[in-house]
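Next come two complexes, and both contain subunit A; in the first it sits with subunit B, in the second with subunit C.
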Partner chain A sequence: MFPELNNLLGTTPDGTEQGKLTLLCDAKTDGSFLVHHFLSFYLKANCKVCFVALVQSFSHYNIVAQKLGVSLTAAREQGQLVFLEGLKSSVDIFFHAQEEPHPLQFLREASAGNLQSLYQFVRDSLKPVDSGETPWKFPVLLVDNLSVLLSLGLEAVAVLDFMQYCRATVCCELKGNVVALVHDNRDAEDKENGILLNGLSHQSHLVLRAEGLATGFCKDVHGQKSVPIPYDTFA
Partner chain B sequence: MAAAATCGAGVLSSGCVASTAGRSSTTSFQRRSKASGADGGGPRLLSIAGTRPSVRNGQLLVSTGLPALDQLLGGGLAVGTVLLIEEDKYSIYSPLLFKYFLAEGIVNGHTLLVASAKEKPADILQELPAPLLDDNGKKELEDVHNSKTPESDVNMKIAWRYQLQPKMQVGPVSSSRFGHYYDVSKRIPQELLGSSKWHGFFLPEHITSDLKGEPCSLSGDYMKLLQFIQNIIYTEGFDGSNPQKKQKNILRIGIQNFGSPFWGDDICCTENSDNSHRLTKFFYVLRGLLRTSLSACIITMPTHLIQNKAITARVRNLSDTVVGLESFIGSEKETNSLYKDYHGLIHIRKIPRLNNLTCDESDVKDLAFKLKRKLFTIEFLTEAAAH
Partner chain C sequence: MLDSLLAVGGLVLLRDSVECEGRSLLKALIKKSALRGEQIHVLGCEVSEEEFREGFGPDINSRVVYHDLFKDPLNWSKSGEAVPEGPLGTLRTLCRRTDPGPVTIALDSVSWLLFHLPCITLCKTLHALSQPSVSSGADSLVDQVRVLGLLHEELHGPGPMGALSTLAQTEVTVSGKMGQTSASILYRRPQQRATYQTWWFSILPDLSVDLREKLPLHSELHPDPHTTQVDPTTDLTFNLHLSKKEREARDSLTLPFQFSSEKQQALLRRGPGQTTSHIFYEPDAFDDVDQEDPDDDLDI
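Right after this comes the complex of A and B.
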C-alpha cells in the first residue's frame, strides 16, 4: 500500500470505514497500481479479502504484493484471501469439460448471460462460517476489473446487477467494503462502458480516478475530498 | 519459494527486486514464473535459446526481430504476452514486423505457429527475410539447428559413472545473441526453413459446414483457432504438461490480419456488429493460454477498418503491448517536410506492467520508421510532430 494515498484518504489499516463501495477508474493510463494498493492495504488491515482477478495471473499480483509487503501465498493458505484467477479459469472452462458450475459460468453461454454464479461464489467466500467466530475484521470484495466483463459478452446491466447484489451482501449485510476498477474509454465512445461507469459512480462512496498526462499521471479524488491533487509517478 | 520478508513498507525502488531474488539463493536473473511449470518455476536456472530476463523485473523476454523495437518495448517482448500491431492503412509495413517476428523465431530455433485467413502459412514463411549474420553468428546458427539431439551414446571410458547421470543442459545457450538483423531484400535460406519446426493454420482449410450455434459462444472460426493453439501448446508441452521434456522451447504464435472480413467477422463492415464480443472473448482466452505457457504472440489487426471504436479500445485493453503503425502514403503528411525522410510513424500505445508497478516507457513519443532497401529502421523525430 502507499502511505501517501493513505494520508490522502485519511485511512490507516487499523481504522477504516466499513460498508463502502470504492470505485477505481483509469483513463489513458494504467490504474492497476490502485488495485495493488487496496489489496495490500486490506490484507494488512486483517480483513478477509475475496479478489476476483480477471486480467492478470496470480504470480503477477503476488510479486507486486511482495514488494508492497504482503504475501498472497501465505494469505491464501491461511484463508484470509480467496483468489479467483479469471485467466486460468477461462482456459479450463473452454478446453476441459466442467461438471460442477463454475463462477465464470457465463463464458460458456452463447447469448448474454448474467453473473449469478459469480455472485454466489463471492457470497460463499465472504460469508462467515456458522460459528460466527472469525479472526478477520470485515470482508472485502476486490474486482480487477469490471470493464473486461463487457468484453466477455455481458451487458452493462448485468454487471450493474452483479455489483448491486454484491453491495447489498458485502456492504450492507456483512458491513464490509467493495472496491472495483473500471476503465474509462470515454474517447472511444464505448457506450456500454459509459453506462457501467456512470452507474457505479453514483453508487460509490468514493471515486479514485487516475488520468494519464504527458509526463506521468495525476490523480483526482472525488467524494469526500474534492481537491484534485496532481501526483508524480509512484515508483 | 521465496520467503515473504517485507521489502520495507512503501519502498518501491528497484533495489527491492534484487533483494527479493537474493533470498531465494539464485541470481536475480531467475525466470519469474510466468508459465505454470510443475512447481511454479522453482530455483532452477532456465536458459532457453533466444530469451533473456528483463533487467527490471526478471521477466523472460524474447526479441521481436527488430532490435530497435525491442529497446522501445523495454528490452523485448515478454513471454506469455500478446503484441498487437495495429496495421497501417494499406498493410504494407505491418507484414514486415510480422515476418521479422517469425524469422527471429526460426533463427533462435523456436517453434512457430502461423495463422492466417488470407495467405497460406507456407507461403508466408517462404517470404521471411534472410538474417544478417557474421561468422560467429553463422556458426551458432548451425549449432542451434544441427545439434538438436545431444549425443547420447558416447561411451565414457574413465568417468563411466558420469555416463549414468541424466544429460543436462550445460552452460550458456547456443545462440547467445538476442535480436538479429535481417535483410529484407533477400529471402531466408531454404535450409534454415527446412530445419525449423512450424505449424500452420490456414482458415479456409478449417471451415466446416456446420453453422449452428456452438456450445461455447465463440464464432466457429475463432474457436477453431483457439483449439488449434491450445492443442499445440498441450501436445508439445509448452505449458509444462510433459515434464520429461528436458529441452524447453518457446512457441511463437503469429496471427495475421485478425478481425478482417477474411476471418468471417463483420466488425470491419458494420458499426453495430452483433458478434463484437467474439473477438474480445478470443483475446481474453488467448491471454489465458499464453499466461500459462512458454509462448509469445504477435497479432496484426486492421484497426483502422473497425467501425466501432469501442471494440478497438477493448482490444487494446486486452492486449499487453500495443504498437500502431501509421504510414504516410496517401495522407497529407506525405508532403510535409518534417516527414520527408520517413515512411511513417510508430506509436507505442501500451507497454505492459508485469510483475511490477511501472514499466519502461520511453521518454520520447515521436517515433518514425523508414524502410530502406534492406532494413527497417525506427528513429526519433528531431522535432516534435505537428499534432
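Right after this comes the complex of A and C.
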C-alpha cells in the first residue's frame, strides 16, 4: 500500500470504515496502482479478500504486491485471499461441465447475459463458514476492472445489478467493503461506460479519480476533498 | 419550500446528479408528509432499508412502509426474500392500494425503474399511480396521491427524460456543492402558466430544511413595459435623420432593377408598324444547326 494515499484518506489498516463502496476511476492514465494499493492495504488489515482480477495474471499482481510488502501466494494458501484469475478462467470455461455454473458463465451465453453466477461465486467466497468463527476482520470484494465486463458484451445495467447485489451482500449484510475500478473514457462516445460510471458514482461512498497530466500523475479525491495533488509516478 | 412542493398531488420529480445528491431532499419531503399524518410508501431500489430509515425518528418510521427492492430484486438469492412480483408488480400493487387518507409514494429511484422496465410501461404506471384514488364507501372521498420520484439526470437520454417531464406536475432540479444547495422548481398546474422558483437551502442531520434565500419568481423578473425606451440615435457622431427635402428625393427615386411600365417602354424600342419581333440569326461555320425544336416534347 502507499502511505501517502493512506494519509490523504485518513485511513490505516487498523482503523478503517466498514460497509462502504469505493469507486476507483482513471482517465487518460492507468489507475491500476490504486488497485494494488487497496489489495495490499486490506490484506495487511487482516481482511478476507475476494479479488476478481479480469485484466492481469496472478503472477503480475503477486510481483507488485511483493514490492508493497504482501505475498499473494501465502495469503491464498492461508485462505485469506480468494483469487479469480479471469484470463485463465475464461479459457477453462470451455472445458467446464455445462451443468455446473461457472463464475464467468455469461461468456457462454449468446444473448445479453447477467452476472448472477459471478455474484454467487463472490457470495460463496466471502460468506462466513457455518461455525461463524473467522480469523479475518471483515470481507472485502475487489474488482479489476468493471469496464472489461462491458467490453465482453454485458450491458451497463447488468454490471450495475451485479454491483448492487455485491453491495447488498458484502456491505450491508456482511459489513464489509467493496472496491471497484472503472475506466473513464470521457472523449470516446461510450454511453454504456458513462452509465456505469455515473450509476456507480451515485452509489459510492468515496470516489477516487486518477487523472493523467502532462507533468505526471495527479490524483483528485472526490467526496471528501477535491484538491488535486500532483505527485511522481509510482514505481 | 417543502409546503409548496407538497401542496398538490401528482408526480414530483426530484432530479439530482453525481455532484449533488437528491436523496436527502426526498427524505426531508417524506418527513414533512409524515408529520402531516400521511401514510408513506417507499419503493426502495438503491439503498438498504436500514440506510434509508437513518435520520427518521420512531414517529416517522412508523408511518413509512418500505417495499424492499434492494436486497434481491431479480430473485438471484432464491432465499425467499425476493419480492415475488418484481418491480412492476409492486408498483401496480401500490396503484391498487385501498388505505383511506392521503398517501405519499416515494420512488427511490425512478432511474432504477427506468433501467429495469420499458419506458412506456413505467410512464403508464406512474400516470396511473399519481391519479387520485377514490375511497370506497358512502362518502366516496377523493384522496390525494403524491408520488415523489428521485431521478439521476446523467443516466438517461433525452427521450425518457422528456417523457417523465411531461408526466410531472412539479420538477425540482438540485445542484450545487459543499453545503450550498439550490433547488430550481418548475410548477406545472393545469390551465395555468408554468412558474419557476429557485431556493438556496441546506438539509440538516435531522432532515429538516434550512432555507437561505429565495430568488424572485420568473414572472417578477420581466421589466415594466411602461418605462420609456432608450433612444439609440442619441450621442451618435453621424446623422441618421432625413430632412423633408431629402425624404421626398428618396421617395421619388426609381430603383434601377425595379420593373415598371415606363421602364419597359424605355427599354423596348418597337419599330413602327411592327407587331411582332424578329430574331435574325447568322450561324458560324462551327454552329450545329438542328432544325428540331428541343422543347417539342414539353407539354405546356
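Please note the rule applied: the second predicted complex is superposed on the first by the 229 of 235 C-alpha atoms of A that agree within 3 Å, B and C clash if a C-alpha of one lies under 4 Å from a C-alpha of the other, contacts with A are read in each partner's own complex, and residues count from 1 in each chain.
Basically, a contact is a pair of C-beta atoms (placed from the backbone, for glycine too) under 8 Å apart; a residue touches a chain by one contact, two chains touch by 3 or more.
It should be emphasised that the depicted structure is a prediction, and the values quoted were computed from it without experimental measurement.
Participant: In the superposition on subunit A, see if there is space for subunit B and subunit C together, and answer fit or clash.
Facilitator: Superposition result for subunit B and subunit C: fit.
Participant: Using the superposition described at the top, determine whether subunit B or subunit C touches more residues of subunit A.
Facilitator: B
Participant: Between subunit B (first) and subunit C (second), which, if any, makes contact with A:147: first, second, both or neither?
Facilitator: It touches subunit B, and subunit C stays clear.
Participant: Should A:12 be classified as contacting the first partner (subunit B), the second (subunit C), both, or neither?
Facilitator: neither
Participant: For A:2 in the superposed arrangement: first (subunit B), second (subunit C), both or neither?
Facilitator: Touch partner of A:2: subunit B, not subunit C.
Participant: Check the residue A:59 against both partner chains and state whether it touches subunit B (first), subunit C (second), both, or neither.
Facilitator: A:59: touches subunit B, not subunit C.
Participant: Give me, in Å and rounded to a whole number, the least C-alpha distance separating subunit B from subunit C in the superposition.
Facilitator: Superposition on chain A places subunit B and subunit C at a least C-alpha distance of 16 Å.
Participant: Residues on subunit A in contact with subunit B in one complex and with subunit C in the other?
Facilitator: none
Participant: If you look only at subunit A, which of its residues touch subunit B in the complex?
Facilitator: 1-3, 30, 32-33, 36, 55-57, 59-60, 63-64, 66-71, 73-74, 86-91, 94-95, 107-111, 147-148, 150-153, 183, 185, 187-193, 214, 233-235
Participant: Inside the complex, what are the residues of subunit A that reach subunit C?
Facilitator: Against subunit C, the touching part of subunit A is residues 114, 116, 119-120, 157, 160-161, 164-165, 168, 172, 194-195, 198-199, 201-203.
Participant: Would you tell me which residues of subunit C are touching subunit A in their complex?
Facilitator: Going by the criterion above, the answer is residues 18, 21, 46, 48, 50-51, 70-74, 76, 111, 115-116, 152, 154-155.
Participant: In the complex formed with subunit A, which residues of subunit B make contact?
Facilitator: Against subunit A, the touching part of subunit B is residues 2, 4, 6-10, 12-13, 16-17, 20, 32-34, 36, 40, 57, 213-217, 226-227, 230, 277, 280-281, 283-285, 287-289, 291-292, 309-310, 312-314, 317-318, 353-358, 365.
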